[in-house]
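Two complexes are shown next, each including chain A; its partner changes from chain B in the first to chain C in the second.
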Partner chain A sequence: MLSGYWTLIPYAILFFGVLIALFADWAGLSSRLAALFGAACALVAGLGFTLSEASQLLFGGRFMLSVSGRLVSVGLCIITALWLMWIADRVKGRTREATALALLSVMGACMLVGAREFITLLVALELTAMPSYVLLGYWAHRRRSLESAMKYFLFSVLTTLVMTYGVSLVYAASGTTMIVGADVSGGGLIGLIGLVMLMVGIFAKVSAVPFHFWAPDAYAGASAWGVAFVATVPKAAAMVTLLRLPALMADTLPESLITVFVIIGIMSMVVGSFAALTQDTIRRIMAYSGVVNVGFLLTGIAALQTAGSFAIFAGVLFILFYVLAVFGVLLVTATEGDRVSDLAGLSERRPVAAWILVLLSLSLIGVPPLAGFFGKLYIFTSALTSSYVYMVVIAVLCSVVSAFYYLRFMKAAFFDAVPSKDGARTGEEIAGNGAVSEGLDEYDTKHRLFARTALVVATTLIVVLGPLSGYLIDWMMAGI
Partner chain B sequence: MSSTMSYYLLLIPLIPTLVFAALLFLPRDLRNRLMYVSPIAMGTSALISIIAGLTEFPGGPYSILRLDYRLATLGEMPLNLTIDVGPLSLIMLVMVTVIGTCVQVYSLSYMKDDERRGWYFTVMSLFTAAMLLLVMSGDLLLIFAMWEIMGLCSYMLIGFWYKEKAPRRASQKAFLVTRAGDGGFFVALAAIYAACGTFNINDILASAPGWAPWVAAVAALGLLWAAMGKSAQLPLSVWLPDAMAGPTPGSALIHAATMVAAGVFMVARMLPLFELTPFVLTITLWIGVATALFGAILACFQNDIKKVLAYSTISQLGVMFVALGVGSALAALFHLYTHAFFKALLFLGAGSIIHATHTQDTRKMGGLAQKMPLTTVCFTIGAFALAGVAPLTGFFSKDEVFAVIKYASNYPALVLACAMGVTTSLYVTKMWLRVFFGKAKTPHVHEGGILELAPLGVLAAATLFGGISTRAFGDYIGDIGVWPSWYMATISTCVTLAGATLGYLAVRGKFDRFKEPLRFVGAIMDNKLYLDAFYDNVIIKPYFIVSDLLWKFDEVVVDGIVNGVVALYRRLTRLTWRFDEVVVDGAVNGTAAAYLEVTEASRIIDESIIDGAVNSSATLSQRFGTLLRKAQTGKLQTYQRLAIGGLVLVLVLVVVLKGM
Partner chain C sequence: MLTLIMFLPLVGVLLCALLPKRFEGAAKYIALFTTAANASLAAFLVGGFTRGGGMQFETVIDWIPQIGMQYHVGVDGISMPILVLSCVLAFLAVIASWKIDEKPKFYFAMLLLLATGMNGVFTALDFVLFYVFWEIVLVPMYFIINQWGGERRQYAAVKFFLYTFFGSVFMLVGIIALYLQTGTFNMVELANGAAALPAFVPFGFQWWVFAAFLLGFAIKVPMWPFHTWLPDAHVEAPTAASVLLAGIMLKMGTYGLIRIALPILPEAFLWFQPLIAVLAVISIIYGAIVAFAQTDVKKLVAYSSVSHMGFAMLGIAAGTATGINAAMAVNISHGLTTGMLFFLVGMIYERTHTRKIKDLRGVAAQMPIYAGLFVFASFASMGLPMLSGFMGEFLALVAAWQGFAAINMQYLTVFAAIGILLGGAYMLWLLQRVIFGEPSEVVEGQKDLNFREIFVLVPLAVFVVAFGVRWSLLLDYVDPAAKAIARAIGLGA
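Moving on, here comes the complex of A and B:
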C-alpha cells in the first residue's frame, strides 16, 4: 500500500537541496556552490518525477500526481535548475537563501499540481508564493525592490484571504474539502459565491484581469533574476491550478462559472495586449504578456467540457512552453538593463544572446516551428471544439497585437543605434520614465559556463520541444 | 387583514439601500451635489410606510408579508433569511422612516457646508435602511446582520469628523463597546441554533418551551447582553455620552430611531424566550431600573446640552428595559415609539440652538425664547414630553410603564421609577429654564431656516398629538392598549411637578449651599460614576500590565514575537482610525477613479469616431494602451480596491446569471 508514497521522493530531494543551501554557511559552501548543488537537486528531482510510478491517490485522496502533473513538475524542476545555474554564475553577493527559497517554491509548485483537496491546495499555493515575495524583494537595501515585494505581498494577502473565505463557503455548501465531488449546487447561492471567491485567489496569482495590477509594478521594481523565477515557476503552477480546478470539478462546476472564465479571459487578452503596447520596460511588458497568456489559457479552460483531457494536456504544454520562453527572455536581457531601448546594439555586443532573444520572442509570438506555436495551436484547437469560437477569434487578434511588442525586442537588438559610450541617455529620457536601469551592478561576468549553458538549454528546448510535442501528448494520453 | 402578499413593502428598505449603493460609487463632488436624493428617497419610503400602515388599520397579531430566502444549506439544514412583516413592523417602519426623513431634511441645512456632506447622507441612508430591514426581519440572523451594519454606520457617523481626536476616540469606543455586547449575540445564536436548528423567530419561540432551561437562559442572557450594548444599559452605557462627538442630526438618528432602539426592539421580539427563565427577566428589570436612575441622576450634573440629552436617552432606555423586565413588550415598544419622536425633536432642536449660539454649554445660553420662538415652542414640547407632562406622548407612555410595574406588584421598582421621574423632570426643567429664559448671553441669535424648522414642526406635532394613539397602538400591534388610570396619572403628575419644582429651585441657586458638603457626590458624578475609570483600571490597564509581564517574560524566551504583536496592535489601532479614511472613503474614491477612467475611455472612443480617426487603428491601440497605463497608478490601495471591485462585479454577474 505504501508503494505510492515513493512518488514523494523527489520532494525529499528538493527539500534536501533547501537544507543544504540554508546551512551552506556551516558546511563552508560558497553561494555559487550552494546554487549549483541546488540545481543538481532540482535536476535529480525532475528525473525522479519522470521515473515515478503510475499515479496513485495518496493521503486519503488528497494528493495525486497525475501524468500531466508529472510533466509540469519535471518542467518546473528543469526551469528551476536552469535558473539556479544562471544565478550561480551571474548574481553577485549572497544567493544561498535565494537558492533555498527557489527550491521551496518549486517544491510547493510540484505539490500544488497534485493537490486534490482545497486545504492542501491552499497550503501548497502559499508555499509556492511565500518565497516569491522574498525573491522579489531580495536586496533589502534597494527601495524599489522592497516596494515591489510589498505590493505583491499585500495584494496576495488580500486575495488569499478572499480565497480562504471562498473555501470555507464552499465547504459550508458542499460539506467536503475534496475538490472532486465538491458539489455546491445544494448550498444555494453561498456555494457559488464561495467558488467565485476561491477562483479569485487563483486569478490574482496568475494575474488575470482585473486582478493583475500587482504584476507590472512588482516585476518592474524587482531584480530581473528574481522576476525570472517568480514569473515562471510559481506562475506556471498557479496557471496549472487554474486549469486543474475546473477540470477536477467538471461534473459539479456551475455553468455560470464558465461564463466568468470567458469574460475574464477576454478581458485579460484585450487589456494585456493593449496595455503592453505603450510600455518601455522589459519586465512590465513581460508582466502584461503574462496577462495576455492567461487569457489564452482561459480560452482552453472554457473548452474543458467539450475537449476533455486533451484540453488539459494542451493547456499544460501551452503553460510550459510559455513560461520557458519568458524565463529565457528575462534572463537574457537581465544584464542589459530595464528598458527595451537598453537592448540597442545587443547583436554586436552579444550576438548569441541576441539570436537567443530572437528565437524566444518568435516563440512567444507563436511562429512555427517553435514551441510557442504548438502551445497556442493545441489550446486554440481544443477551444474550437467548444461553443466559444469567438474567444479564439479574439485570441488570434490579440496575438497579432501582442506580436508588436515582442518585435520591438528584436528591432532594438538588431536595428537600433548603439548609444554613445560616454553619454548614455539624455536627462530627459531618464526623467521620462523614471526607470533608469539600476541594479546592473548586481551582475557578475566572472563565470560564464553555467549561465550560458542555462540559456542555451532553454533555447534548445524551445526549438526542439515544439515538433516533439506530439510525442509528449501521446505519452500523457497513454498515461491516463 | 390582507390576503395577498404585499411585496411593495420591500421597497421601503430597498429605496434607501439603492441610494446608498448609488452614492457610494460616485466621486465626492458629484455625491455632494446629489445629497438631495437621500432625503427624497427617505420621504418616499416614509410615504409608502404610512400608506401601508393605514391600510392595515386597526391591526392585530398577524403577518402581512412573509418571505424566505434560502441563503445556503448547511448539511441538511436550510439557512434562511426571513422577512416577516406584521403590524408591529409597520408601526416601526413608519417611525423610522418619518424620523429618518425629518433628520435628513434637517441635515440638508445643518451639514450644508461640510466638505463630506455627500458621504454623510450616504451613511445615513445605509443606517436607516439597516434599521428598516431589522424591524422587518423574521429571523435572528438577519437581525444580527443589520445589527452589525448599524454598528458600522454608527462608527462612521460618530467618527464623521475623523480628523479630530475626540470623534475618532468616541467612534472606536462606541464600536468596541457595542462589539463587546455582540459577543452575547453570538453566544445566543449558537445556543439557539444548537437547541432548535433554526434562526426563525416564530419557530424559536414555538420550540423554546421544550428546551433545557439552561439553554433558554443562556440564549436569553446572551441576547440581553447584546441589547445592553446596543441600547447603552449599565454597565455598557459608556459609549453613548461620548458618541455626542458626531454631527448632531446623526446623534438624533442614533438616539431616537435606529441604533439604540434596535436593542429594545430585539428583546421585545424575543420576550417570550425571556419569560421562560424568570431570573433573566428580573435581571432585565433591575438593570433597567439602575440605568434609568443612573442616567437621570447623571443628566442633572451635566451642563452640556447634548450630554444632558445623551444621559436622558440612557435613562429612558432604562425605562424601556424596566417595562421589558416586568414582561410588557407593549409598554416598552410604546415608550420606544414616543421616545423616538420626542428625542429626535430634542436633538434636532438642540442642533439648531447650538448652531445659533455656537456653544453647547447651557450655562452660556439664555433668553433664547425671544430670539428663537418657533424653535423654543418645538423644543419645549419635546422637553415636556420627556418630563412626562400631560397630554404629551411621553406622559402616556411613561404612565403605561408605571402601570405595568404596579400591575406586577413590584413596589421597590415602582418607587425607584418614581424617583427617576422626579429626577428627569428636575434636569429637564433645569435645562429648559437655563436655555430659554434669563438673560441672553450670546449675540446674533436667530431662528434656523425652513429646512430646520419644518422637521421640528413635524416631530413636535407628532409629540403633541401622538397621545391619542395610546389605545390604538396597543390594539394595532396585537396587544391590549389601555388608557392611563386616574390613579397612576395623578401619581405621575405629582412626580413631574415635584421634579419641576426642584429644578426651578436648582436654577435659582437654592441648592448651592449643599454643594460644598456634597462635593464628593459631584466628584462621583463628574466622573460618570467612575465607569470609565473602572474600565480603565479593571480592564485596560491590567491588560497592558499583563501584556507587559508577558512581554518581559517573552523577551527572555523569544525576543521579537511580542514586539511584533505590539507593533501589529499599534498598526491595527491606526488602521481602525483610518478605516473610514482609507478603506471606505478610499473604496469610494477608487471607484470614482475607475468611473472617471471609463468616462475618459468613452470620451476617447467618441472623439476617435467623431474625428474619423478610426482608420488609424494603430493610434487607437496606442491610446487604449495609454489609457490602461493610467489605471496603473502605482498605488497599492488602488489595485486592491480595483481587485475587490472586480470581485464584486464578478459576484454580481454570477448571481444574475444564476437568477436567469
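Moving on, here comes the complex of A and C:
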C-alpha cells in the first residue's frame, strides 16, 4: 500500500514512460517497442493507483486522490495502455512521440481528477489538453489533420483563457483559490460571473452545447487512432472535472449555477442526438454522441445535492463505461475508413471485429446487461432523486433517437452490400459532406497480437463490468 | 431449475459462436438439443408445480447489493404457463427452421438468445433483471428480421427496435422512480406491499409511474394506437421469428401489466381502467376491420393478433380474477393458434413463394393435410367452442360485463362481441379464398406437408383441443394467482 506522498509514484512511472519514449532513439528502441514499453508503464501505473491509499490531502490540501478519482485514474491508465498496444501494432511511421504525448496527457488527466485548487486544476487541465492538440494534428503533412488540430487548439485555448479569467474573478470574490470553500456569495455578481466563466472552460473541453462545434470538425479531420485517444482519456478527465467541481463546491454553490447545468444539459442532449442523425462519418457521429452523453452526465450533476455521494459514483461509472465503448468503436472502425458506409461487409471481412462493434454499439445504446446500460441506470437513478424529472424524460427520448445512429453501424457492418470489390478500401471516393477516406495507408496489418488483445480486452470489460459494477461501487465506498 | 431454463439456450449461443465454419451445419443440432432439453425441463416444472402455491422454484442471490439489486427468479401460476409455452414454441420454431441454410450458425445462435431473453422475462422477479431480459429480446429479433427477412426488412427491423426501445426506456424510468420511492427492486415485495398497505405509494406518483409502464407494455402488446410496428415486423420476419414474436413476445406486454402494473400500482390502475378498456375495444374492432382489407395472408394474421390481444387487454381492464384468467387464457391460446397459423403461412410460402391471397386458391384439393390443419387453426383462432380460443374470448366478455359495471362502461362489451363476429368473418372469408376452389397456378403440383412439418403443428393442435375441452387444465394453475392479484387491486374475485 502506498500512502502519503508515495501515492504520487504512479505519476512518476508514467513520466518514466514519457522519458523512455522521447529518448527512444538513444535507447535504441523502435517506435513499436517504445509504445509497448509505454503500455507497460501505464499498466504498472494503473496497478499503482489501485494500491495507493485514497483520500489523503497532499500539498497543503491542494491535491487529493479521492476514491472515485482513484478509480478514474485506474480506468484511464488501462485505456491508455490498450491504446498504446493498438498503435504499437497498427500505426505505421514514427509513433514514439505519440506514445510520449499520450502518457503525458494521461498523467495530466490523473492529476486533474485529484486537483482541489483552481491553479492546480488549470495546470493539470492544460497538461491533459496540450498533448491532445498535437495528437490530432500528428501527421504534419496532412492538411485536414492540421486543420482539425488548429481548430481544437484555438477554441480550447480561448476557452481556457476565459476560464483563467473566471478563476481570477472567483478569487477576487472569495479570497481563496481552494475549490472547497470558495464562497463567492460575498462578491455578488462578480463571483457568479467568475463561476460561469470557469465552467465555460470545462464545457468547452467536454464539448457541451453551445461549446461543442469544434468536436465534429476536429474529430473528422484527424486520424482515427488519434481521435480514439483524444475522445476518451482527456474527455473523460474533463467530464470527471465537470462532475467534481460542483460536488466539491456543493456547500457554496449558487442555485443559479444548477440552472445553467440543466439548460446546457438539455441543449446538449437534444442538439447532439438530432445533429448526429444526418452525419455520414463515424467520427462525426461519435463526436455528437459525446455531446449527448455530456448531457446525460449533466442530468446526474443536477442531482448532486439530492443524491449525494451516489451521484459521484454514478457519474464516474457512467463516464468510464461510456469512454471505454467510444474507444473501442473508434479503434475497431479505424482501419475501415471514415464513413459509416465503409463498414459495409465488415461481418464478412472481420467477423470478430463486427461482433465487437455490435457489442460496443449496444452498450452505447444502453442495452443490458452491457456496461453502458448500468452507466445509464446509475446516472438516471441519481438524476431522478432531484426535482429535474423532465431532464430524465428528455434524456431517455434522446437515447432512443441516438439508438438510431448506433444501429446504423450495426446495419452497415452486417447488412449493407459492399459497393465494389475494393471500392470501400481504395480511399478515393469522396463522400457527400466532403469527408475523404484518406490515410488508410497509415495502418499496418502485419502485427496482430497486441492490437487484437487491446480490442478484445476493451470489449470484455464492456461485457463483464456492468453486471459486476457492484464491486466497483464497493471499492469506491471502501475508502470513505 | 429456472436458472437452467434461462441460461441453457445461452450456453447454446456460445457453442454456436465457437463452432468452426466447417461444421456450421451442426448449429441446428445444438439448437435442437438445447431447446428440447428446455422443453423437457419445462415439463418437469409443470410436474413439480404446486397449484395455488404462490411463488415457486425461487432463487435469490444478491447481485448489486449497493442499490438492492438481486438475481431473483421464480414462477407462479401466471408466469408458469407462458414459460412453458415459450419453451415449447422455441423448440418447435427450431424444427420449423430446419431448412435455413443462410448463415445457420448466426441464425440459430440468435434464436437461442431470443429464447434466453423470453424465458428470462417470465421468470425474473427483480425489476432490473426483468428489464435486462426485456431488452435482450430486441437484439436477436433485430438481427433475425434484418438478415432473414423479406424485402423491406431493414425498415421493419429498425422500426421494431426503436419503437419497442422507446416504450422500454419509459418503463426504465418508471422502474427507477419506483425504486427511489420504495427502496427495492423486488417485484414480489412491491406487489405484497401494495396489497397490505394501499397508501404504500402516493397516488400522483403512482399515476406517473403507471403511465410510464402502460406506454412500455402497450407498445409491446401492441395496443391501438401503438400497433404500427407489428404488421411490418411480422410480414418481414422469417417464419420462426413471426411465431415467437406473436406467440411469446406480445405476451410480454400483457404479462408485464398483470405482474407489475396492476398489483404494484392498484390505485393508478383504477384511474386508467376506462382508458385501457376503450383502447382494448378499439384494438379489437380496428384489428379485425383492417384484417379484412389485407391482401397478404401473413399481414392478415398479424392484424388478427392486434384484435386478439385486445381481448387480453379487455380482461386486464376488468381487473377481476375472471378478467386476469381471461387475459391468461387469451395469451396461451393465441400463442398456440397464431403460432400454428404463422407456421402454416410459412410452409405455404416456402412452397409457392407468395403469400398473396389472390395467388393462392384451392389449397384443399392439392394439399389436404395442410388444408385440414389450416382450417383447424382458423377455427381455433375464431373462438369456436371446444377449442382453446373460445375460453379466452368468452371469459374476457364475461369479465368485461361484470367489471365494467363499476365504471358504467358495460356497453363496451357489446362492441367487443362484435369483434368476435368480425373475427369469424375475416377468417372464414380467408378460408373461402385460399383453401377452397380450383387450385391456382402456384398451388398446382405442390407437395403436401412432410413429417417434420406435421410434427411441428400437431403438438400445438393437441394443446388447443385439450385446453378447449377442459379449461381447468390451464385455469387451475392460473386462477389462484389471478385471485391474489385481483385482491391486491381490491376488486375481489
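Following the convention adopted for this analysis, the second predicted complex is superposed on the first by the 467 of 480 C-alpha atoms of A that agree within 3 Å, B and C clash if a C-alpha of one lies under 4 Å from a C-alpha of the other, contacts with A are read in each partner's own complex, and residues count from 1 in each chain.
To be clear about the criterion, contacts are C-beta pairs under 8 Å (C-beta built on N, C-alpha and C of every residue); 3 or more make two chains touch, one makes a residue touch a chain.
Please read all numbers here as calculations on a predicted model, not as lab measurements.
Taken together in the superposed arrangement on chain A, chain B and chain C fit without clashing. Contacts of A:Phe321 after superposition on the shared chain: neither chain B nor chain C is touched.
Residue contacts after overlaying the shared chain place A:Leu377 against chain C, while chain B stays out of touching range. By the touch criterion defined above, A:Met150 reaches chain B but does not reach chain C. In the superposed model, A:Pro369 lies in contact with chain C only, and not with chain B. One geometric descriptor of the composite model is the angle centred on chain A: between the Cα centres of chain B and chain C it reads 120 degrees, in steps of 10. Touch counts on chain A: comparing chain C and chain B, the chain ahead is B.
In the superposition on chain A, A:Ile193 makes contact with chain B only, not with chain C.
By the touch criterion stated above, A:Thr385 is placed in contact with chain C alone, chain B being left untouched. Of the two partner chains, chain C is the only one touched by A:Ile473; chain B is not. Once the two complexes are laid over each other on the shared chain, residue contacts for A:Val393 go to chain C alone; chain B is not touched. Minimum Cα separation between chain B and chain C in the superposed model: 11 Å. Annotation: chain A has no residue touching chain B in one complex and chain C in the other.
Taken together, the chain B residues at the contact with chain A in this complex read 70-75, 79, 621-622, 624-626, 628-629, 631-632, 634, 636, 638-640, 642-647, 649-651, 653-655, 657-658. Considering their complex, residues 150-151, 154-155, 158-159, 162, 169, 172-173, 175, 186-193, 196-197, 200, 204, 209-211, 213-214, 216-217, 254-257, 259-260, 263-264, 271, 274-279, 401 of chain A touch chain B. By the touch criterion stated above, chain C contacts chain A in their complex at residues 63-67, 69, 128, 131-132, 135-136, 138-139, 142-143, 146-147, 154, 158, 161-162, 165-166, 169-170, 172-173, 176-177, 179-180. Chain A contributes residues 362, 365-369, 373, 377-378, 380-381, 384-385, 389, 392-393, 396-397, 399-400, 403-404, 407, 410-411, 414-415, 467, 469-470, 473-474, 477 to its touches with chain C in the complex.
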